[in-house]
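You will see subunit A twice below: alongside subunit B first, and alongside subunit C after that.
So, the complex of A and B:
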C-alpha cells in the first residue's frame, strides 16, 4: 500500500496590509486595541480588488513546483480547499488545474472544509495514495475570507487575513509522512460559523442585504460570513483539548514524543488556552498570525510552512497538526518529517496584483 | 461547591465593575466597557473557578443571572 509523505510546503499572502491604524480609524482605537490584546494580530494581509484565493493558491503552487523542479505531468492529484472559490460552479480545482498546466490524467477536485481544511485534505490525499491512485499530489489550501466580511464587522475584520498554501505529497516509507488522522464533527454548532444567504437555502434578495447590528456593534447582512464568537471560542478551548487527547491515544504517542504542536491560528488567546490545557511546553508551540491574521483554511499549513522557513522543523521531526472551525469540525494529523527534512522554498511569500491572468 | 456570591465576585473582578451592579437581570452588554473580548475572558475566568458553561449556552449568554444556573464544581 502506498503511503504519502509531505515533501515540500510553501505559503503566499497578499502584499496588501490592513493595519491597526486603518482599523482604529474605522472602529475606534479602544475597541481595536482591546481585540488586538486578545488576538495578538497586529495586521492582516488581505486581497485587493481583482485578486482571489485562487490567485494566492496559484502563486503558492507555481512557486513550489518551480523551486523544486517538479514536472507538472508527474502530478496525479490536485486537491483544493477553499470557501471563497472563483465560482460556485465549477470548483476552483479546475481553474487551477488549467492555470498550473496540469495533465489530463491529474484528478482535480474541491473540498469546502473551512478552517479544518488541512488535515482533511491530507487525509483524502493519503487515501488516494493508499488506493493506488496517486504517487504525487498537490494540496492547495486557500481562503480570502476578507472578501466575504461586512467591512463594519469589527470582530471578524480585525481577525481575518487571506492566504494560501501549497503542499507537495509524494510516496514514502511507512514510518514517515502522514502517520495518522483523527477527524470529527459537532454539527450542533454549524450555525455558529455561517454565511446564511450563500446557497440554495436562502436565495439573495432585498431582505438578505439588510444590515443588522449586534449587541457588540458588529454590522453584517445575511450575505456576509458570520460568527458567534463566544460559542466558537468555547468549543475550541473545550472540545479541541479533548479530541487532541483522543488522537494522541489513538496514535500511541505522547506530548513528549512530539517536536511541534501546530494549532489552527485563530487568535493568540485561544491558542494559548488550548496549549495550556494540553500542557504543551513553549518550545513545542508555534504562532503565525501576528503579521498575517487568521488565514482560515490556510492557517495551519501556513504556520507549518513558516515554521519550516524559521528552521523550527528538523529532519525526522514528529509534528501534530490540529485544525478546527466550520461545522463545527476538527481534524488532527500526525506527520513525521523525512530524514532529509523540509527545505524552505526560496520564493517570496507575498503576492502583488499585476495581472490576474499572469500571477506567479 | 462555589457560591453565587463567589461567582458575583469573580465576574466583578474580571469586568472591573462593582459587585452591586451584578443583579440576576443585569444584561452583561449593558455594563460599562463590556465588549466581546471581555466576554471571552469572563468565560475563561468562570471556568477556572469551576463553572461549566455548555457551548450552546455560551452562544446565547445575556444576563448575569444566566451565569448562576450552570453546573459548578
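So, the complex of A and C:
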C-alpha cells in the first residue's frame, strides 16, 4: 500500500497590510487594543480588490513547483480547500488545474472545509495514495476571509488575514510521512461560524443586505461571514485538549515523543490556553499570527511552512498538527518528517497584485 | 453557599476581567451596562467562573450569555 510523505511546503500572503492604526481609526483605540492584547495579532495581510484566494494558492503552488523542479505532468492529484472560492460552480481546483498547467490525468477537486482544512486534506490525499490513485499530489489550502467580512465587524476584522499554502506529497516508506489522523465533528455548533445568505437555503434579496448590530457593536448582514466568538472560543478551549489527548492515545505517542505541536493560529490567548491545558513546553510551541492574522484554512499549514523557514523542523521530526473551526470540526495529523528534512522554499512569501492573469 | 455569596464571587471575577475594581453587579447586569463587556470578556468571565466554581458551562449557554443571572443560575 502506498504511503504519503510531506516533502515540500510553501505559503503566500498578500503584500497589503491592515495595521492596528487603521483599525483604531475605524473602531476606536481602546476597543482594538482590548482585542489585540489577547489575540496577539498586530497586523493582518489582506487581499486587495482583484486578488482572490486562488491567486494566493496559485502563487504558492507555482513557486513551490518551480523551486523544487517538479514536472507538472507528474502530479496525479490536486486537492484544494477553500471557503472563498472564485465561483460557486465550478470548484476552484479546476481554475487552478488550468492555471498551473496540470495534465488531464491529474484529478482535481475541492474540499469545502474551514479552519480545520489541513488535516482533512492530508487525510483525503493519503487515502488516494493508499488506493493507488496517487504517487505525487499537491494540496492547496487557501482562504481570503477578509473579502466576506463586514468592514465594521470588529470581532472578525481584527483577527483575520488572508493566505494560501501549497504542500507537496510524495510516496514514502511506512515509518515516515503522514502517520495518523484523528478527525471529528460537533455539529451542534455549526451555526457559530456561518455565512447565512451564501447558498440555496437563504437566497439573497433586499432583506439579506440589511445591516444588524449585535450587543457588542459588531455590524454585519446575512451576506457576511459571522462568528459567535465566545462560543467558538469556549468550544476550542475545552474540546481541543480533549481530542488531542484522544489522538495521542490512538497514535500511541506521548507529548515527549513530539518535536513540535502546531495549533490552528486563531489567536494567541486561545493557543496559549490550549498549550497550557495540554502541558506543551515552550520549545515545542509555535506561533505564526502576529504579523499575518488568522489565515483560516491556511493557518496551520502556513505555521508549519514558517516553522520550516525558521529552522524549527529538523530531519526526522515528529510533528502534531491540530486544526479546528467551522462545523464545528477538528482534525489532527501526526507527521514524521523524512531523513532529509524539509528544505525551505527560497521564493517570496508575499504576493502583490500586478495583473490577475500573470501572477507568480 | 447562598445565591448572594455566589454573586459576590462572580462580582470579583467581573471586576478583574473588566478591570473595574469598584464595579457593582446585579443579576440583570449585561453588556449593555458596560462597554468593556465584549465577546472576549465573556469568554474570560466564563473561563474564570468555571475555574472558581469547578463547573463546566455548556457552550450553547456561552453562545447566548446576556446577563449575570444566566451564569449565576449555573453555579452549583
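Everything that follows uses one rule, which is that the second predicted complex is superposed on the first by the 360 of 360 C-alpha atoms of A that agree within 3 Å, B and C clash if a C-alpha of one lies under 4 Å from a C-alpha of the other, contacts with A are read in each partner's own complex, and residues count from 1 in each chain.
The rule is short, and it goes like this: a contact is a pair of C-beta atoms (placed from the backbone, for glycine too) under 8 Å apart; a residue touches a chain by one contact, two chains touch by 3 or more.
Bear in mind that the values here come from a model prediction, so they are computed numbers and not experimental data.
Undergrad: So in the superposed three-chain picture, is A:310 touching just subunit B, just subunit C, both, or none of them (first/second/both/neither)?
TA: After superposition on chain A, A:310 lies in contact with neither partner.
Undergrad: When the two structures are overlaid on chain A, which partner does A:207 contact: first (subunit B), second (subunit C), both, or neither?
TA: Neither partner.
Undergrad: Per the contact definition in the header, classify A:19: touching subunit B only (first), subunit C only (second), both, or neither.
TA: neither
Undergrad: Given the touch rule stated above, what does A:237 touch, subunit B (first), subunit C (second), both, or neither?
TA: A:237 contacts both subunit B and subunit C.
Undergrad: Check subunit A for residues that touch subunit B in one structure and subunit C in the other, and list them.
TA: In subunit A, residues 31, 34-35, 38, 155, 188-189, 192, 215-216, 228-231, 233-235, 237-238, 273 are touched by subunit B and also by subunit C.
Undergrad: Please give the residue numbers of subunit A that touch subunit C in the complex, ascending.
TA: 31, 34-35, 38, 155, 188-189, 192, 215-217, 228-231, 233-235, 237-238, 273
Undergrad: Mind pulling up the subunit C residues that touch subunit A in the complex?
TA: Listed in rising order, the residues are 30-32, 36, 38-40, 42-43, 46-47, 56-57, 59-60, 62-63, 65-66.
Undergrad: Name, in rising order, each residue of subunit A that touches subunit B in their complex.
TA: Of all residues in subunit A, those touching subunit B are 31, 34-35, 37-38, 155, 186, 188-189, 192, 215-216, 218, 228-231, 233-235, 237-239, 269, 273.
Undergrad: Using the touch rule from the top, collect the residues of subunit B that touch subunit A in their complex.
TA: 29, 35-41, 43-44, 53, 55-56, 58-59, 61
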